[in-house]
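See the structures that follow.
Look for chain A in each of the two complexes below; its partner is chain B in the first and chain C in the second.
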Partner chain A sequence: MTFNSDGISRRSLLSMIGAVAGAGAMYSAMSTMGLAQGSNYAGRLDLQGDVNGTRVLILGAGLAGMTAAYELRAAGYQVQVLEFREKAGGRCWTLRGGDRYTELGGDTQDVTFSEGNYLNPGPWRIPSDHYAVLDYCKRFGVKLEPFIQVNYNAYLHNTASFDGQPQRFKEISTDFRGHVAELLAKVVDQQALDADVTEADAQLLMDALKRYGALNDEMEYVTGEASSAYRGWAVPEGGGTTGRPEPSEVHPLSVILQSNLWRNLTAGDNLHMQSTIFQPVGGMDQIAQAFEREVGELITFQAKVTRIRHEGNTVTATWVPTDGGEEQTETADYCICTIPFSILGQIDHDFSPRMSGIIDSMYYASSFKCGLEFKRRFWEQDEHIYGGISYTNLPISLISYPSNDYFSDGPGVLLAAYSWGASSYQFNALPPADRIEAVLDYGSQIHPQYRDEFVSGVSVGWHKVPWVLGCYGIWKDRDADYMDATVMDGRTLMAGEHISYLPAWMEGAILSALDAVERLHVTVTES
Partner chain B sequence: MNRMMTVMAALLTLTPPAVAQEAGQASMIDRAGWFENPSRLTQSGGQDVYEAICAACHMPEGEGASGAGDYPALAGNENLLMPDYAIYVILNGQKAMPPLGGVLDDTQIADVVNYIRTSFGNDFAEDPATPEHVADAR
Partner chain C sequence: MTFNSDGISRRSLLSMIGAVAGAGAMYSAMSTMGLAQGSNYAGRLDLQGDVNGTRVLILGAGLAGMTAAYELRAAGYQVQVLEFREKAGGRCWTLRGGDRYTELGGDTQDVTFSEGNYLNPGPWRIPSDHYAVLDYCKRFGVKLEPFIQVNYNAYLHNTASFDGQPQRFKEISTDFRGHVAELLAKVVDQQALDADVTEADAQLLMDALKRYGALNDEMEYVTGEASSAYRGWAVPEGGGTTGRPEPSEVHPLSVILQSNLWRNLTAGDNLHMQSTIFQPVGGMDQIAQAFEREVGELITFQAKVTRIRHEGNTVTATWVPTDGGEEQTETADYCICTIPFSILGQIDHDFSPRMSGIIDSMYYASSFKCGLEFKRRFWEQDEHIYGGISYTNLPISLISYPSNDYFSDGPGVLLAAYSWGASSYQFNALPPADRIEAVLDYGSQIHPQYRDEFVSGVSVGWHKVPWVLGCYGIWKDRDADYMDATVMDGRTLMAGEHISYLPAWMEGAILSALDAVERLHVTVTES
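On to the complex of A and B.
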């Protein structure tokens, strides 16, 4: 997409085109501008009209809350934000050396990573179709760099296949594709698809399969130059007297199928993982800090909301400072509430029975991440893996290699576990030191260098994060409840990743906030 | 193991220590039987199931935890007087509590309900939960 650089917002431009030439022309213009796919971000807000000093109270200074604060203040509203934590960003969060994290129950971890190393416990990737996040990064000067999702030299690993030895992604990927292409070519050759494929198309399909599957001239997927050009050579291509390569042995189809390693071949094909995707240079919280630079003066930190009441045309939040002190109140004409429903359901509030029921029915996913620092980047030095992700059936689920500082001599940090569900619950139940031990045990099965090179680690089980009690909101019945949760209840609109069809993504949080801001503005200016 | 956990809990209460994640630190919990299935818990017996999943949030001695929201204490919790409420909440979730009927089977749930009703100073031994109870409540 192209970013707006010339004053007129795309939103107003599209409105003009829509008004003058109709919806068809507008859609055509949107497609040209690259807006008609992916995220439904419709460009920067341009809120017009007199807001008459309307006060808006925003609960929560995560990305949704800060987006709302930024946009509403720009439109002339009086904005106040209450935040439970001592800093802004919510789940857009980075742990680095010098940080101290205390989880529920009191276990405290001191992060001792070297300068420049970090773990993003929450979001860690920005898809290229998440236009709102990318636009705010552009606007606020957050420097982005490519995040390597797919690395053909990373591993696929299953404890029950290949004697538990990790296999290079390129070998499994090429073999799977080659065998499937050969099988399909046989079917076409036997004219078994005549009902579905015309004769002319059948010839084209054969050409495509030969190319797609790295088949030889006999339309076979076999050990040889064609397959090795994709899966790698037994003796690599080189120069001089030893330059002649030797092909590598392809694995039989049955071995590939029974290995179950094909399960992770398509991870990078998912819409939100397709190259190119990004990460902020220096950690995901660079986005949080950028928002905080814009709206930090509006935020009251360490404020635990204890009560929400609607009276007449106002809404009042009662809060207590988490570092001690008197109970206080904040009153406004409207409220945008981004407090996760896992927390909001425990706050004394007067939302409608319908809204209360939805709040209480939403539970939060269990997720666990662990970052380990190693003395040297052995995955690069020993195994030639530069960024990307290895997948495994072990409880750690994956290992992600840093997409930055390649070839540096200093210590590097791996995302050494990213687990969900049953595995995550069990990691959460271990004390932090035991989690590190478990992650080291599992990771050593893929990288035997783990124990020798280990320096330190930090882990986050999201159900034990004191200010959210879980990873992201899960609807019991989204079809039935979603739209009702977006309705203004009293004077309050809900926003956050949970009020989006992009749950757990920063884009969902921001889009829900923009939508709430626009609807609130219509209410204020048209009433 | 339980006694060690009690000692640990007491220590944590007195002086929450910063856990130095150094190499070679001795493991405190026996992980044999853990992590055996990616989609279910495989521990059996009320105490083992409790320590593998419930203790994360309700804490090793059932004392609960408090942040922006709370995980309620199970110790001295009158809701455990009868088994039905605990069975319902474990199966279906309740506010911040996720439904766990998908990762625990009927026997595991009955066992852990009986464990929490008779541990942490709780003395609700009457009318113990059975796997049939749980199956009926699903």
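On to the complex of A and C.
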């Protein structure tokens, strides 16, 4: 269990086991070592061999590009990175007071949040099974703090149920689980499940359902101590003469089902959302900045790539400085291209027809985020909601409460909308000021304090982000196309979240870069 | 929704509503104000009226005693506090390197944990509905950080199941939920529930079960993408050529049921354990120290109360300094006694026969905690467990991983045992060094790294803590006795966690003190 602490590396050991005993044994060993069922990150690279001054050109200084730059330089390669923006990180991006953001179409927003407040327009959570991200954070000194995904005191809200009044997560989740357990217990009791559950198991199942559903001794889910200990009390448990609690009323199954509020009950059970989750202290771009500290000297910023050509054993990118100046070229032996396919398809390139087809067929998801700053943390002060997420059927989709600076007096920023698909188009079509108004209107249905406490806001519609034109890549036919997109095309390997099975996640971007780097290195050292 | 931000206080408003429109309306208003179903803490006290130099003697400088001292002094009372120990806080207590602890029987332990590491032998979590604790923390500047109760990557362990191998919480929880959903879906489909579920609701129930149970399109809980997206993959989602995941094998229902691992699935769903939960940065006694900063000057430490007598309109406590010296007395107009009944019953007092009977009938729960320091955070580094709790059927009952200093290199302290009842007696009966050995033996069955990484440990068996002789008070017959224990007996009111419906919780101690203070104040100002 301590293989990785000294001597032979975990990666080497796994490779060895894989080579000698096959993949089954390797996965078994991975499991023993606590690796399986997390990220497929197999530990830090340790590339050996003479790379003979091989030059690698990396297009894009997002996390994929910077990972590749960091690892290739460490292995002895001559690395150059071209980046369109004035800073590194790509979608690993944070907006703070003082930032200015101009979207496609020219609308510009000046962020005026107070010191310490921010919006992460892109990634905002780091699952604890995203080992590559966590390891680079550790290496580069990025401090992480827990992100609260599930808060039982946050709301589930549906305009068409409970008179539009938001309900506490704890009440709906307890009621749903309770009714499900009671229904199943009833049929177990009637021996209606004999074919599926043995007699011995039936008693265990009853015991389990009683506990799981907070049922009473009669195996009923009803108003009383058992249910209130989970869903909360009408009069809470207290001290002294006013200590005795009164149970809260459970909602009937039919009310729970018709409310549709059960749709978000498992939001924290999905592998990527399971506790424990993290966020960087101070904003997601702390990761981008940490990478930039490592490889910044390799990056040419404000370089807009206009042409990619393969000739003989080289690849050449033509680029123009976005702040004016002459067209320039950069030639290398190999290229790792992390430019999103949504952008790459618009660049003059000479990739193979197969690769071109894949590039052109990839659709980029639409997404919208809005951050609103409020004078005070009314969600904490009035409603006792500390971190976590409220879900709604309104176009804002959710409200996420900050997982930092709890109990502070100062202004706080809510992620006040995080929409996908149709809802996001609706917001994206509006000018920035109108989006804020719409988000305020919607949010006021959940938190009536919104209008009184509002200070300022900023929004990002990903289809209007000039350097990506969408949120993440969606395959037209992943089964048919994915592997073909990973092959070296001329002298170029593709990398980025789109070349992964973890789309939209930073982990996918880093893993795809590591895979490209390893394969490039094999090509170079074996040629 | 913003009543409490200015003008009339929440407490005053609630009292007014209660007086005018009755308790129902008050609770309704409380609910609107976001208070109901949390603590019954009704906001900060604002005691008005002339107290005429009334003297109050407070016995015990735990949280109940210090709350009473703080509030009574603010209202103008002359307050004196007698405390047995050399410091304040009572069970709100933290052990760190440099601390020495001598238990009943004379066994002494010297704590040698590294800087920053600690064990909270008593309370260790602050639920976010414990408004009184949170409010005093806010007032006194105690910084809080999230406590991770549920970690899907932590273990469920039973020596008699899965060959004694610990299982990840995410696997067992997904499998249990999936099988339950599948079984119920089957009977819904067979229309076996017609009496309980209408036809319209049946379709909603099927939709809900599919989502809740991670069922496939055939409403089955089976190995595949749907289940692996929750329980984890055998080969995880990755990037580049190795990106494609492979589903993990689900466990059959029978295996899940017979494993008994379902017993701890809802540990984080109980009202007091629901996310978001907090802990003070640096240890629970940061709260004790904060209170002591406020009222320390009122406290006489190392004062062992030996006698309590009521004469005329006064109450007198006789005490001896535990560091030697003459017996002394302290006389006051009223007394708030927070001495645990386990101790109070052994003190020479003149409480009424009814109160004496209650004092003598209260049993104090047995509990055992052990903290072990390890050279490195192997649970994070090898097993990717960041905070949270593993549960086991072994006598150690659980292992809790630190919810702070994640990813740090240095030594870390695990709460390596937290036992109740029979298991705790088993540990308590051993000398301290043998307890550590036993805990190491047990824990090694879950974390084989234990022996290699162990540095030092400390344990507290609450029945041997000299100043409380148990963990918390258990009523022999709460329904019959509770209210009688709250009445003023002579000139004395009882307070502490035992005089609450939140036994063992700091919130219960504080709420009982606030209730006693308010009633005392009514008595004084109306007399």
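Note that the second predicted complex is superposed on the first by the 502 of 527 C-alpha atoms of A that agree within 3 Å, B and C clash if a C-alpha of one lies under 4 Å from a C-alpha of the other, contacts with A are read in each partner's own complex, and residues count from 1 in each chain.
FYI, a residue touches a chain if its C-beta (ideal position, glycine included) is under 8 Å from a C-beta of that chain, and two chains touch if they have at least 3 such contacts.
What you are looking at is a predicted structure, and each value in this text was computed from that prediction instead of being measured.
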{"item": "Residue contacts with chain A in the superposition, chain B compared against chain C", "value": "C"}
{"item": "Chain B versus chain C as contact partner of A:D201, first or second or both or neither", "value": "second"}
{"item": "Which of chain B and chain C A:Y152 touches, first, second, both or neither", "value": "second"}
{"item": "Chain B versus chain C as contact partner of A:T94, first or second or both or neither", "value": "neither"}
{"item": "Which of chain B and chain C A:R244 touches, first, second, both or neither", "value": "second"}
{"item": "Touching partner for A:A181 - first (chain B), second (chain C), both, neither", "value": "second"}
{"item": "Touching partner for A:G421 - first (chain B), second (chain C), both, neither", "value": "first"}
{"item": "Shared contact residues on chain A - chain B and chain C", "value": "none"}
{"item": "Chain A residues within the chain B interface of the complex", "value": "84, 100, 102, 104-110, 112, 304, 339, 342-343, 345-347, 360, 363-366, 393, 395, 421-423, 425-426, 428-434, 436-438, 451, 454-458, 461, 463-470, 474"}
{"item": "Touching residues on chain C, where the partner in the complex is chain A", "value": "1-2, 4-5, 27, 33-34, 36-41, 128-129, 131, 134, 137-138, 144-146, 148, 150-153, 168, 170-171, 173-174, 176-177, 180-181, 183-184, 186-187, 192-193, 196-198, 201, 204-205, 208-209, 211-212, 214, 228-245, 248, 253-254, 257-258, 260, 262-263, 265-266, 269-271, 274-276, 278, 376, 378, 381-384, 386-388, 403, 406-407, 447-449, 452, 482-483, 486, 495, 499-502, 507-516, 519"}
{"item": "Parts of chain B lying in touch with chain A, wherever the complex brings them together", "value": "8, 12-13, 16-23, 25, 27-29, 31, 34-35, 37-41, 51-57, 59, 65-71, 93-99, 103"}
